[in-house]
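In this document, chain identifiers A, B, C, D, E, F and G correspond to the written order of the chains, with residue numbering beginning at 1 in each.
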Amino acid sequence: MTIEKHHNIYTVSQLNSEIKFLLEDSFPFIWISGEISNCKMPGSGHLYFTLKDENSQISCVMFRGQNQKLKFELEDGLSITGLGRISLYEPRGTYQLIFEFLEPKGIGALQIAFEQLKDRLTSEGLFDDKYKRPLPFLPQKISLITSPTGAVVHDILKIIDRRFPNLFIEIVPVKVQGENSEKEIVQALELLSTLNDTDIIIMARGGGSLEDLSAFNSENVARAVFSTKIPVVSAIGHETDFTISDFVADLRAPTPSAAAELVVPSKDELKRRQEDIFSKLKSNIWQYIEKHRYILAQVSKSLVDPKRKVQDLRLKIDDLTNRLTRIFLNSINQKHEQFKLWNDLLFINKPLSYIANLNEKLANNTDKLTTLNTIYLNNKRSLIRENKGRLYALNPTAILKRGYSITRTIPGADIVKTAHSVSIGQNLEVMLAKGLLAVNVQKITDSS
Amino acid sequence: MAAKTNFEQSMKKLEKIVQELESGDLPLEEAMQKFEEGIKLSRICSKKLDETEKKITLLLQDQKGNVSEKPFISEDK
Amino acid sequence: MAAKTNFEQSMKKLEKIVQELESGDLPLEEAMQKFEEGIKLSRICSKKLDETEKKITLLLQDQKGNVSEKPFISEDK
Amino acid sequence: MAAKTNFEQSMKKLEKIVQELESGDLPLEEAMQKFEEGIKLSRICSKKLDETEKKITLLLQDQKGNVSEKPFISEDK
Amino acid sequence: MAAKTNFEQSMKKLEKIVQELESGDLPLEEAMQKFEEGIKLSRICSKKLDETEKKITLLLQDQKGNVSEKPFISEDK
Amino acid sequence: MAAKTNFEQSMKKLEKIVQELESGDLPLEEAMQKFEEGIKLSRICSKKLDETEKKITLLLQDQKGNVSEKPFISEDK
Amino acid sequence: MAAKTNFEQSMKKLEKIVQELESGDLPLEEAMQKFEEGIKLSRICSKKLDETEKKITLLLQDQKGNVSEKPFISEDK
């Protein structure tokens, strides 16, 4: 307000901009309490209302993201305490409170202390996500920091037993409220951190007032949780109860029972999952084998066996052999025929006809020869006969037929012409016409 | 320690192997290797589930800082 | 040994042989040789699968302590 | 041995001989020689085919352990 | 040997002799000589044909393992 | 020997003798001599013809004894 | 011997004797002598012819192998 008296002339925008800077820088987060009035929620889902006390009022908004987390209904006349920041809307020069957190009024100093501690630890980075450790998927030892009596431990054990019966659960008994509770919790955390033989720590407590939960909102516990080497799950109160421990723990469970569920997986489920995947593994490997067997069978089936080729070739060989034999036999037959022809002709022309001719000619000549011979001989013979006949006709002894006779000496055959040419006693022969006489001279008469 | 073998990691690996086998594109030897590994992983997981004995104890520390353990007897049983 | 031969390589070879034989242009001797090799490869592959199957069965038996003969093929169909 | 003779070459020779006999009027001795060679080649080829068929049967038999005329078809049907 | 004589040449000679004998102008001795030679040639040719036929029968018999009187001629008709 | 005598010459001589005997009046001794020679020639020629005939018969007999009349021709008809 | 006597000369002498006797001027003794000589000559010639015929008969007989009294005339008529 005093700024307007300066000489500097601002433009409205400059002014609003500087005011915005001043306001927002001065009131980054403030806790404020007052009574709600004029509460509206248009279609945008943002919550608009006016916060007032006896003398003043201020426009407020809670954006949808935040107002959805509200654990109670906002209504006119309700007194609330909330955490918000001042924001100036430059185009209109109006300012308003943007609430991050709201709760009904009446928590008082504890709540404020809580918020302050939370702010401090936040700025220190204790709640940073980077410090959040992952929980073991399957813890084998669970350390439970809680009261050994009461429903909480019972519920947790029951749930764990149901989900995973064979787990090692270690209970670190502590007071969870009242005097020494903070100290015991811190000691328990430190002890577990020192022993370092557990997989996870659950800090659990049932629901209660902010006062009841104060140990879990203490800075000591928060720092103990933060410095623990083992992942810590906080399970304090009911779903709506937030504690500092919740923020600093590696995981906040809305309830102790939920913590048990979050920390311990269901053994049955895991077993089923393992079995499922194992049977899938088996079925996949068998399928793999079957697939490859099938492929092999397909390929092997396509392996053309050359029997068909062999049969084709057999037919071809038969054909060639048949042709070969047929042609060859034909040619042989032809040659045979040819041979037979010449052989027959040779026989037909055998020289026997020559012989017949020559025989005839020879016989002719021979006949002629013998005939000529006969003729010749006959001629000669007849000539002889003729001469002989003529000779006989001139036979000087022919006169004997007329009674003459011829006397011849013996021997000597001299014709006796005179008587005295013979001597008595001489033998003579007398040729008669027919026959011869042998005579002896007895007397000689000389006629002369 | 058994705790060193991570159940979840083994399951992840196993799942990956199952997928690889499902595709059917692995060479036989590799598939077989994968399968063997899968069997091992599966066995590890199975074992892992039954490894721990059920035990509920109370961890106590006295004033002097001595730590002791004693069985927890549930009050309502 | 047959086991040393890479299954995939044998399958590749077998496939190639099948194609070559399918083309039908091979001289008898070559076709015969190819066929023989094909049969051998087919046998090698089959044997390899048998061995693998045996191994699988043994592995599964180990785990369960009792034989399970290809239990899953029929289950998921 | 007869098996060493290339089958295709023998077939070619046989074909050539048949053509020679078909085309011309060869003198008896030559024709006889050709015929003899042809018959021999025919026998060699036939024998080769017999051997090949036997081998095929044996190969198929080997694989199954018993004779099967259509070895693969029957398996996956 | 008779086998050495070329069949075709013998046939030619035989043909010539037959023609000479047919002409009928030969003196007896020459005709006789020719005829004798013709007979010899005829015998040579005949023998040659017989041998050839025998050989054919043997060849065909060899191939079939049993005698077939009408081996090929009748088969393809 | 008689075989050495040329048949045709003998025939000629015989003819000449016949002509001489026909033509002239030969003295007995000469005629006798011619006649005798003629007879002898006739006998020689006749013998020669007989021999030739016999030889032919023998040749033919031989030929027939081992020529087979229709060896192949009849088979394929 | 008588054979030595030339047949033709004997025939001449015989004719001459016949002529002398025919002239009739011869004394008886001479006539008787001539006559007797004529007779002798006639006989000689006849004998000669007989001998000749015998010889021929023998020759022809040789050829035929048996006696034929009228060998040629009757045979070819």
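Keep in mind that, in the parts below, contacts are C-beta pairs under 8 Å (C-beta built on N, C-alpha and C of every residue); 3 or more make two chains touch, one makes a residue touch a chain.
Predicted, not measured: the structure shown is a model, and the values here were computed from it.
When the partners of chain A are compared with those of chain E, the chains appearing in both lists are D, F.
Centroid distances built from C-alpha atoms place B farthest away from chain E.
The pair with more inter-chain C-beta contacts, choosing from F-G and A-F, is A-F.
Inter-chain spacing, taken between the CA centroids of chain B and chain F, is 134 Å. Here the spacing of chain D and chain G, counted between their Cα centres, is 101 Å.
Chain centres here are Cα averages; for chain A and chain G they lie 136 Å apart. Centroids of chain D and chain F (each the mean of its C-alpha atoms) stand 65 Å apart. Multi-chain contact residues of chain C, defined as those touching 2 or more other chains: 7, 28, 32, 35, 39, 42, 49, 52, 56, 60. Shared interface positions of chain A, i.e. residues touching 2 or more other chains, are given as 285, 287, 292, 300, 303, 305-306, 310, 313, 321, 325, 328-329, 332, 335-336, 343, 350-351, 354-355, 358, 373, 380. Taken together, the chain A residues at the contact with chain F in this complex read 329, 332-333, 336-337, 340, 343, 347, 350-352, 354-355, 358-359, 361-362, 365-366, 368-369, 372-373, 376, 380.
Residues 6-8, 48-49, 52, 55-56, 59-60, 62-63 of chain E are the ones touching chain D in the complex.
Those residues of chain E whose C-beta lies close enough to touch chain A in the complex are 7, 11, 14-15, 17-18, 21-22, 24, 28, 31-32, 35, 38-39, 42, 45-46, 49, 52-53, 56, 60, 63, 71-73, 75-76.
Chain E contributes residues 27-29, 32, 35-36, 39, 42-43, 46, 49-50, 53, 69-70, 73-74 to its touches with chain F in the complex.
Interface of chain A with chain B (complex): residues 136-138, 140-141, 143, 148-149, 154, 157, 161, 165-173, 187, 191-192, 195, 199, 267, 270-271, 273-274, 277-278, 280-281, 284-285, 287-288, 291-292.
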